[in-house]
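Just below sit the structures, each encoded as structure tokens.
Below are two complexes that have subunit A in common, paired first with subunit B and then with subunit C.
On to the complex of A and B.
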């Protein structure tokens, strides 16, 4: 008996949705089995995870603030990456761009906090973060356009250059290194959180950082940019086929450079938002957003609105599993990674079945499906 | 790392042409549940069965060796000794990097769970814990290896591991006399950059020289707290290129001991008894008994009137227990040790215990062993660095604790960088 894999012409929306939901459910069941083996009640664990421990918690507002601190950089980075991905420019350099954006924003904060009003400093931080990250991202685009280098490898390697630069700043005590706290004998980053911070809108005890609102606004703008602007159309055409775009008289190279720069700029902005929220650098400053952002962008199929939904869920998974793991002695932080991995791979599998179908070969007949 | 692989898989998947699909479908994860379980607890002065302990770890709580493991074992051992239920009363957030945001979130989580005392075990947690101690005055914060504190609910703790290293140095020195090889190696995470490693090297060397003044301690710096590959390689280099017959260490794994075992030489481990890892090579290891502090701290916290009394009840903001408190010790001597080692260690221990002598003072010990019996003699002699600077005059009192924990940045006579 032979099976062949055949591309589906179309898959109805409800069927896609069901397949994706089934994939997530299967991952949760898989995780649940693992929990059972470890002697943990899966229902109790998941309950704790999905509520992020906020029920019956007198500082639940803190939990939600912390959740938003995970959510904002992730969603903004994912949206930014989707811009480049739409054009089939595989920017895996989110980590590096985020780091450089953060370093630039922190430099502005440290140098100007005493001489300029806070509002101006915050705006300059955003601009500096965007510029630094944008140029760093555009570097890979220039190399691709000029010399045809592989942008995946290039951006990937540039991540490490940025990371080691940050580690160098964090470990090198020297006269010139204004990033460090000089009052400490051991090298630690200087904390300027008391002097420079994005304002928060207080709703009772809960403080809503303006960055959350700005991020929502940027989401809408990017959505409109992609959907209604000429640039958005160009990105879509280049993504479909660079040849077609060229034939249609578009300046493909200019479009690639412009879009990658914009993509990296937004990542730099995400970094500046984070710097202005937490007030200090660290060598694990990115919290893996550059990597997770790729996953989110893919899971959301580069759809801006859905990126917000997926980011919200992935952040909930990340933050919720830390909270849940605190209560269950047997479960450590690796469980969250495992669960996330299981969800992603099963969704990937679901995606396969959305795009292809398995058919049994007809008796004696020759099938020319491309298997 | 895992993230990275996933991200790359995703990128690969996209390269295979997913973008062309263009459809807008959502994958939404499961349902939100409703009822909760825990309610946040209140301040101190609660009974043993209601008291909740929180901990923030740098590595996994499921580790089976290393730094986090040592602390986790200490906390659970202390809680069990106090009759507490570890499953219900201990809350842990693990794998928290030295990043203020993530440390802050971990503290919020633990406070939300109602923890009465929160331990943070990694150096870089110090600033955020200070901020949080002010934010949550009803909760006690206690930080290992740091130097920050306040006058009410935030202290730090560490131990006089240099004392244990001195004792290990005695064992190594006696072994070097027995083998006739005066070269001793020392694989260290850092040397003078951190007072912790620096005082360790010095304590060990002074111990070695108390029995064998001819000995030289060759230090090789890893530049990292844990680096298994180089831990082995550096030990090998010390043995082969510097002719070391004993390898001591200040690093996480037992790799230097394995290298010593393979080369047929001897060694002193660290953190835990490494005799099982290198049965033919290992002499003894300086070890931590973190449970001593944890028991003391939890007990004190439970009997405190309120959280802001904690620092007073602990008799100061910095706990620095040594051999006397049982906070540090050397692991049981193996059969590889030279005759008389136990007696020498016991006598020096008694001397430290009596409070009349400590390692970094202007008084040196001359320890001699004859017929398995040790005799210890005190001699006034200056504490000298290996570049000839006098730190303590002959007969002078010991270097201050704040120097040993914070600013010691010289190596004593007898140390050479390899």
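On to the complex of A and C.
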């Protein structure tokens, strides 16, 4: 017997959903088996992880605030990356763009916190973060459209250049280095959390950071931008085929540049939000959002709404595993990374059955003439 | 005094080799994978998986050979996963590779912390590992002043790495299967039409390439004397290896030279101050250079190489179909 693989034109929604859910379930079962082998009750562990220990906890609001601190940068970065990915521009430079955005925002905060009102400083921080990250991202896009430089490898290299720049700022004690706390003998970043912070709306004891609301708003805006605006249409056409776009009279290079710049700007904004929330830089400031964001955007198939759902789940996985590690000492919090990897591997596998169809070849003739 | 200065230079050269040959394994493995047309961004994770299993199994078996074999097999297993997803199931290579890195680092810490909770094997307690990893002096060549002890007095993993790189150079550029492999990476459709089994070529070379990366990871673990803590043994070397592939223009023999160039900066970071102290007039300024610059330089140089080679176009060793999946029915 012989099998053929044929591309599918479309796949009904319920079938897609079932396949993806089955993939996630399979990953959880695999993880559960591993837990069983280690002598941990998987149901108790997963319960702890997915509720993040909030059930029956008096300071659950605190946990939820911390959860949102993980969620906001991740979702915003993923949404941003999806813009570039839609054009098949592989911006995996989220880490570097996030870092430069954070450094710029922190610089504004440190320089202006004493001379301007807090609201103005916060707005300037956002603008500075967006500008720095945007230019850094656009650099790779310019090289791509001008010389055809491979953007995957280029943005990858720029990530590390930015990372070591951040470490340099964090470890170099010098007259000019205003990023560091001069009152400390060891090099530590200056904490301006008391002077500059995004306002929080208090709902009982729970403080809702305005960044969460802004992030939701940006999500809606990006969704509309992609779906209803002329720019969004152009992005879709370029992603489908640059040749078609060119033939239709679109300025492909300008579209790529514009979109990548916007994508990186949003990552810079995510960084500024984080700077204005935690009030201090660190050498591991990104928490890998640049990498995880790529995975989230892909898992969500670049669909803005689904990115919010997937980000919420992945943040739950990451934050929940740290919480669960406190109760289940024998399960390392790196379990979350493995689980996240397993989920994505299985979703990628499931994706195959959505995009393709396996058909049996008939004897004597082929099913589709070109086989 | 004069002798002492020479000693500093010798140690410097020696360190370049010891601390940077793991890069060569990662790079040569990745060159093999990329020559088949697959861009695998999972090097960091694959090296980590190879490292942790190679180290633990190697210690328990008290055999360096079994450690190397385990590291190779675990790396190859990661490669099999990558190949199954990208070659058979047509998944996006960038995403699969990045996930492999996350997954691999997760496995590394999960297994490492798990074993550490019970009892962590200490390399020097195992005679055969300790002796197997000791320096082997090559008679004759090691007598050359300064360079001799710098280049020809190393552990077996160093020699193995260079041998693998040279064999790989021969295989890719001079052998018949190597020629077919390059055809697969350049134009899989054309290779397929002349009867090359594209799938099989991709599978085999991805697995072997990833296995070689695994050995590099194991070497890094041994270099750290197997002390396991919160920072991974691989510590970014996987990414430098990805950069080095570009720097070496996809040529394993050039990768040996590239390792020295990247290793030079890497070693300056660690022992630049001792060079500055030995030669205060000429190299005193080295002490003032921030160490992070040395760490960033490999990436910065690679970025420049990328741009320059994309402007020149001609002579680039980058496979034309790099990063693109091959779907036969779409030919």
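Before moving on, here are some points about what is shown:
As a working rule, the second predicted complex is superposed on the first by the 359 of 371 C-alpha atoms of A that agree within 3 Å, B and C clash if a C-alpha of one lies under 4 Å from a C-alpha of the other, contacts with A are read in each partner's own complex, and residues count from 1 in each chain.
The criterion applied here is as follows: a residue touches a chain if its C-beta (ideal position, glycine included) is under 8 Å from a C-beta of that chain, and two chains touch if they have at least 3 such contacts.
It should be emphasised that the depicted structure is a prediction, and the values quoted were computed from it without experimental measurement.
When both complexes are superposed on subunit A, subunit B and subunit C occupy overlapping space and clash. Residue contacts after overlaying the shared chain place A:228 against neither subunit B nor subunit C.
When the shared chain is aligned, subunit B comes close enough to touch A:191, but subunit C does not.
By the document's definition of touching, neither partner reaches A:178: not subunit B, not subunit C. Comparing subunit C and subunit B on the residues of subunit A they touch gives the larger count to B. Once chain A of one complex is fitted onto chain A of the other, the partner contacts of A:317 are limited to subunit B, with no touch recorded for subunit C.
Of the two partner chains, subunit C is the only one touched by A:349; subunit B is not. In the superposed model, A:341 makes contact with both subunit B and subunit C. Once the two complexes are laid over each other on the shared chain, residue contacts for A:57 go to subunit B alone; subunit C is not touched. In the superposition on chain A, contact is made by A:154 with subunit C only, not with subunit B.
Of the two partner chains placed around the shared chain by superposition, subunit B and subunit C are both touched by A:291. Overlaying the two complexes on chain A leaves one subunit B stretch of 21-29, 57-65 or 111-119 clashing with subunit C, which is 57-65. Counting contacts as defined above, subunit A residues 90, 92, 152, 156, 291-292, 294-295, 298, 332, 334, 337, 340-341, 344, 348, 351, 355 meet subunit B in one complex and subunit C in the other. Of all residues in subunit C, only 39, 41, 81, 85, 89-92, 94-96, 98-110, 113-114, 117, 236, 239, 242-243, 246, 290, 292-293, 295-296, 299-300, 302-303, 306-307, 310-311, 313, 318, 323, 327-331 touch subunit A in the complex they form.
Of all residues in subunit A, those touching subunit C in their complex are 4-7, 38, 90, 92, 143, 147-150, 152-154, 156-161, 163-165, 167-168, 171-172, 291-292, 294-295, 298, 330, 332, 334-342, 344-345, 348-349, 351-352, 355-356, 368, 370-371. Residues 13, 16-17, 20-21, 23-25, 28, 43-44, 46-48, 50-51, 53-60, 62-63, 66, 69, 85-86, 88, 90, 92, 152, 156, 185-186, 188, 191, 193, 239-240, 274, 278-280, 282-285, 287-288, 290-292, 294-295, 297-303, 305-306, 309-310, 313, 316-317, 319, 322-323, 325-327, 329, 332-334, 337, 340-341, 343-344, 347-348, 350-351, 355 of subunit A touch subunit B in their complex. By the touch criterion stated above, subunit B contacts subunit A in their complex at residues 2-4, 6-11, 13-15, 18-40, 54, 60-62, 86-87, 90-95, 97-102, 104-106, 108-113, 123-124, 126-127, 147, 194-195, 406-407.
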